[in-house]
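Naming follows writing order (A, B, C, D and E), and every chain is counted from residue 1.
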Amino acid sequence: MASRFDWFPLGFSLQVSVLATAIALFLGVLLAWILARYRFRGREWLDAVVTLPLVLPPTVLGYYLLVVLGQRGWLGHFLESVLGITLVFTPTAAVIAATIHALPLMVKSVRATFEGINPSLENVARTLGAGEFRVFRTITLPLSWKGVWAATALAFARALGDFGVTIMIAGNIPGKTQTVSVAIYDAVQAGRDSEALVLTGIVSLSAVAILYLINLHAYRK
Amino acid sequence: MASRFDWFPLGFSLQVSVLATAIALFLGVLLAWILARYRFRGREWLDAVVTLPLVLPPTVLGYYLLVVLGQRGWLGHFLESVLGITLVFTPTAAVIAATIHALPLMVKSVRATFEGINPSLENVARTLGAGEFRVFRTITLPLSWKGVWAATALAFARALGDFGVTIMIAGNIPGKTQTVSVAIYDAVQAGRDSEALVLTGIVSLSAVAILYLINLHAYRK
Amino acid sequence: LNWSCRSKGLQNTSLPESSLIVAAASDLTDVFQELGRQFTHEGQSQVIFSFGSTGALAHQIEQGAPFDVFVAASQSHVDMLEKQGLVLPGTQRVLCTGRIVLWQSEGSPVTVNCLEDLSLAGVKRIAIANPEHAPYGLAARQALERAGIWESVRSKLVFAENISQCRQFAETGNVEVAILALSLSRRPGGRFVLLDSSLHEPIRQTLCILRRTAHQRLSRQWVDFLLSPPGKAVLERYGFSV
Amino acid sequence: MLHIQLSKTYYPQQEPPFRLEISLELKQGITILFGPSGSGKTMTLRMISGIETPDQGIIRCGEVVFFDSASGRNLPIRQRKVAHVFQDLALFPHLTVEQNVSYGVKDLPSSQRMTRVGAILESFEIANLSQRRPERLSGGEQQRVALARALVTRPRVLLLDEPLSALDLAVKRSLLADLERLNQELQIPILYVTHDISEALTVGEHLVFLKHGQVAAQGDPWEILEKPEAAVVARLLGVENILQGRITSVSHENGTMTCDLSGCRIVVPLSNGSSNQPIRIGLRSRDILVSVQEPQGLSAQNLLPGKILSLESVAHEVHLLLDCGVPLRVTLTIGAARSLQLREGLPVWAVFKSHSCFILKEQALNEG
Amino acid sequence: MLHIQLSKTYYPQQEPPFRLEISLELKQGITILFGPSGSGKTMTLRMISGIETPDQGIIRCGEVVFFDSASGRNLPIRQRKVAHVFQDLALFPHLTVEQNVSYGVKDLPSSQRMTRVGAILESFEIANLSQRRPERLSGGEQQRVALARALVTRPRVLLLDEPLSALDLAVKRSLLADLERLNQELQIPILYVTHDISEALTVGEHLVFLKHGQVAAQGDPWEILEKPEAAVVARLLGVENILQGRITSVSHENGTMTCDLSGCRIVVPLSNGSSNQPIRIGLRSRDILVSVQEPQGLSAQNLLPGKILSLESVAHEVHLLLDCGVPLRVTLTIGAARSLQLREGLPVWAVFKSHSCFILKEQALNEG
């Protein structure tokens, strides 16, 4: 209100979302490929489990993550004592939080796209001597751009919008881990309605602009 | 704890999610079709705007929805005074909340699938005398099943998992509008950890089972 | 919009029409659940609680939430509702005041006995509820300020969404100390140091009956029960000053 | 009946644009659309069915205006009632053969529909595949399904883009007969794209020859060789020898003319021409026989003595170049060449029937 | 060189299963795979390239075992180095023509790759399309790209599934010549599926005739007509007349034999047979001419007097049934029939060259 407008959450969120989207893109495409390409026992179960983060209320998911990744959690403890890495209440945690929500969107959409590709094209590439990875990189993936971009747009939006998981594992440390979602929430809760509206407006506009660019890219030509 | 286990949130959430998924399926497929089929000014903008609900922190989205749909909101006021319909703090609101989050997932994934279809097939259907709607119903849609099912799975998971919007516009009224997400949240907040774990377990298991069934359906053959 | 009607099918609610819905701030969660059991036990109707942050609940009330009684963790929100004519005139009461504590989970590497200890090097992070909107967070800030260490510990602070989350941060060992409501400190798993009530403005748990209630009689019964000696005893037992 | 007059330019990146400029008047019956690969045949069909829109022009079928750039009219595809068999078939992959075929006749009463669909499945020998999806069909089976799907509707116009290319001769013949029957029945314009000359000559009542996006020639398939563009057509059809000479005599009772080609005399079928007129004759290399000894008793045939200039063997064929006063290209089977022990320099006789000679109009001289 | 011995059964729902059971030994050079639509040609190719897996059997290329059900070996597609031109082409839609063609030679050093790709684009006349995407190509252009993409690699085996069906004769010829050159160069087995007889006879050194999933005949394309299965092949190739008789004399110097067919005498090319042996002769309806007056001076040709039993006109052709002692099916152009004023009952002479007669082996008698 009286204090001058804080731009940190916007920049921070943008960085976090972009990073998280990139990670989700990489992991999601990889997982989607495995799910689409290889037949193994429990494949559909794995697919279902990957979707799980969407099902749980984010705060609760965050709580459980906090239990696992926190200083007393087995994973958090391991990371801290062996590798000297602390996750919770750091920007890294914000990235993890955003990634967790973006990943299922990525995996499911991309897998469906991969499976929609005419297998003849992949087969012909194999007869031309291409190994599985080259087939994937040069045929499957480029032919799936539309689906992958759509999924990326979703993942980015979701990464930007995460609040529950972020506030749990990254905390709300202004100037350090406060994402724009958390900042908007705070502003609303504190009754700083105009600030909340301004932030919401800026986020919405920039999100729409970014999504628009992604769309243009995805559906161009 | 001492009180006997409350099954209401589970059944309620299931109903809400199924209904919301169905609505999102209908609206999402429709919107996706319009976006994929018709070229009009602002098409990509519309697409970007549809994705917006994912970008905002759910609680904040809920807050603004409440401002619009609540008794003092212009839409809520209109509905109540003219049509006698109250939306907020009813099961309907829970359905709206779930739908809002499911819809963008639906629209984007399904649109990408629609656009991946060989236009020759649609053209040949037209030469055989099929109108646009018949082309859509008999060619475009059936050829997109995989993508539509994947999107449905995502939408369902998201509908089940929504917490922020629901708690704002449907409220956290046990036995009336308390979805399982809200109930889990409530249990965690109140320190009823074991109850929270049990609920989480049940939701996760049933969600995985339902998603598994959707997968089987989508990728069968 | 016809599905809004169709969705009536959803209303196979498990609660009788006559039950009372009480919106209450989260710090009252534990104590109200006990009080609710007693109230029902005394042959009165069932009470349903909708716990949430005071701000969110107030906002919902403004938009027509079907609550009968509102118990806020601060007075200002009730005042605001009163101004809007949403409160049944003359029903606003201060129920009790909350206290704050320094809370540490078992196994915390450092031991903190007073506010000044928060400056110790071993205390790397401190969780408080967000002072901007959580009454207990505000009180925590006031206490830190009056102790003169607000500026020095500021970089250690992690703001929680609400007081419960604050506790979760400490419980899971991710912060060494949390400033909590006394009412939530009774749960097992930690130790606490009560802070002097003079360090902060009183955290007035304020109640009112809402104008839209259809159960005025029942609401009054509930309020009376809260304000009755047995009710007060329970509140005191949970760490509220009456 | 089908009046087409249109132009459309495609602008591929980095290349000269491809311009289609066509003016056609199709009567009912089968018109063959013939032309080298990439000459615009598929394009033309796509414009007629409405899948592509011309830059300008008019397409009219009887009274119905399909497209008119002047009035801005562009009839939606489905209202044109043009059945179109795509070059890439475009079978509906999620429907069975039967569902594919009955897609266009959904409006018929069910019993009538079933009879009609059943009949066409039967006559196209795909009735036993009726419950299968296209992915489980062979290439030829797919082609028959695509054809059946288009023919079963009662369209205003029928467009067939190489509908029989994947079929063996036996099936091809029977489908051509079906098509012919249908042609009698429907009395609509049928535009038939093919590369197969014998198919073209068998089926077509009218032939349109497309080249570089333009109609280079049109008319009776058998007469089109006499058209100005003939030399190109001839080469396209595999007429390797184009001989130039002069008519020396005309025999109306024999139906023949005698010509003099730089000294050697050949007999060709009668055509409108008179003594002393210049003449150009097309002759396929495969229609010429070679004899190593002077042939006996073949008085009515063309016999040109000469010798082998060169001899090149390609797969099971041998391409000869003879010098018989005029250069003559001859193709033989390797077996024949071997048994005759042909070699360069060997004196031989070229033997061919007068009916193997096509007479090309004089204008053809100007063409490549 | 390529040893194939496999079986595979497809179980379509609601239908009798389709069983492919094949045993082949392919030498280097071009082998034509011929057979009616749905006989299993595409299937066979898919098994060789590894896209489909046989139920059992063995596929071996020289020393390299592609598949062996006994040892459970199944070499991954990419290690087989089998270039396969699909019937549906399967061009990569997101790559340009040049990128499509160079896909299989990515491992070559860049300069070598560019030369090789450039050369093949040039010789397939698609160099000017090199920057285009497949969707912007005509059907024939697409086919050339698919062919170039496969040929540019140096495979162990080359599989071509109707690679020229969408091309006109001129282009077809030039591509066949390219293929022939390549064949000389690569010295590998090439399996070539086609329905076009002239293509088959031009290109093939060896022909395999598939029917109902089984090898019905194989051998030299020109000799295969003498194989037991010949009658079927003959019908498939459009040999409508199958005449039965007895050899009366053999003339080695003429390379002919004279036969007696229920009273009428015909001359056929020399074959291994001796006087008084039974013989069966195939004769295409299109190779027979009709004359309404006794032909003059055609002593060396076959001239059979007879009369027209029936006359049916189909499109631009007329199908005649003649009674010349033996029934003869004749196909003429409608123009010819019109000009000769043919009608039922008219006495005519059937005229055909001895070289138009195929001699079928005696066993063929047993076949339908």
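We take it that a contact is a pair of C-beta atoms (placed from the backbone, for glycine too) under 8 Å apart; a residue touches a chain by one contact, two chains touch by 3 or more.
Here the structure is a predicted model, which is why all the values come from computation and not from measurement.
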Per the touch definition, the chains contacting both subunit C and subunit E are A
Across the interface between the identical copies subunit A and subunit B, with over half of residue numbers shared counting as same and under half as different, the residues used are same
Rounded to the nearest Å, the gap between Cα centres of subunit B and subunit D is 57
Subunit C and subunit D have mean C-alpha positions lying a whole-number Å distance apart equal to 89
Note: subunit D sits from subunit A at a C-alpha centroid distance in Å of 59
Here the gap between subunit B and subunit C, centre to centre from mean Cα coordinates and rounded to Å, is 32
Two or more other chains are touched by the subunit E residues 88
Residues of subunit A that touch at least two other chains are 59, 63, 185
Where subunit C touches two or more other chains simultaneously, the residues are 56, 165, 168
In contact, pair by pair, are chains A-B, A-C, A-E, B-C, B-D, D-E
The subunit B residues in contact with subunit D across the complex are 118, 120-121, 123-131, 138-139, 142-143
Interface with subunit E, subunit D side, in the complex: residues 10, 12-15, 30, 35-39, 41-42, 87-88, 128-129, 131-132, 136-141, 144, 161-162, 165-173, 176-177, 180, 195-197, 201-205, 221-222, 235-238, 255, 289, 295-300, 314-317, 333, 335, 339, 355
Within the complex, subunit A is touched by subunit C residues 53, 55-56, 107, 125, 130, 132-134, 157-161, 165, 168-169, 172-174
Residue positions on subunit D within touch of subunit B in the complex are 49-51, 76-78, 80-84, 86, 88, 90, 92-94, 103-104, 107, 149-150, 153
Given the complex, residues on subunit B that touch subunit A span 44-45, 47-49, 51-52, 54-60, 63-64, 104-105, 108-109, 111-113, 115-116, 146-147, 149-151, 153-154, 157-158, 160-164, 181-182, 184-185, 188, 196, 200, 203-204, 207-209, 211-212, 215-216, 218-219
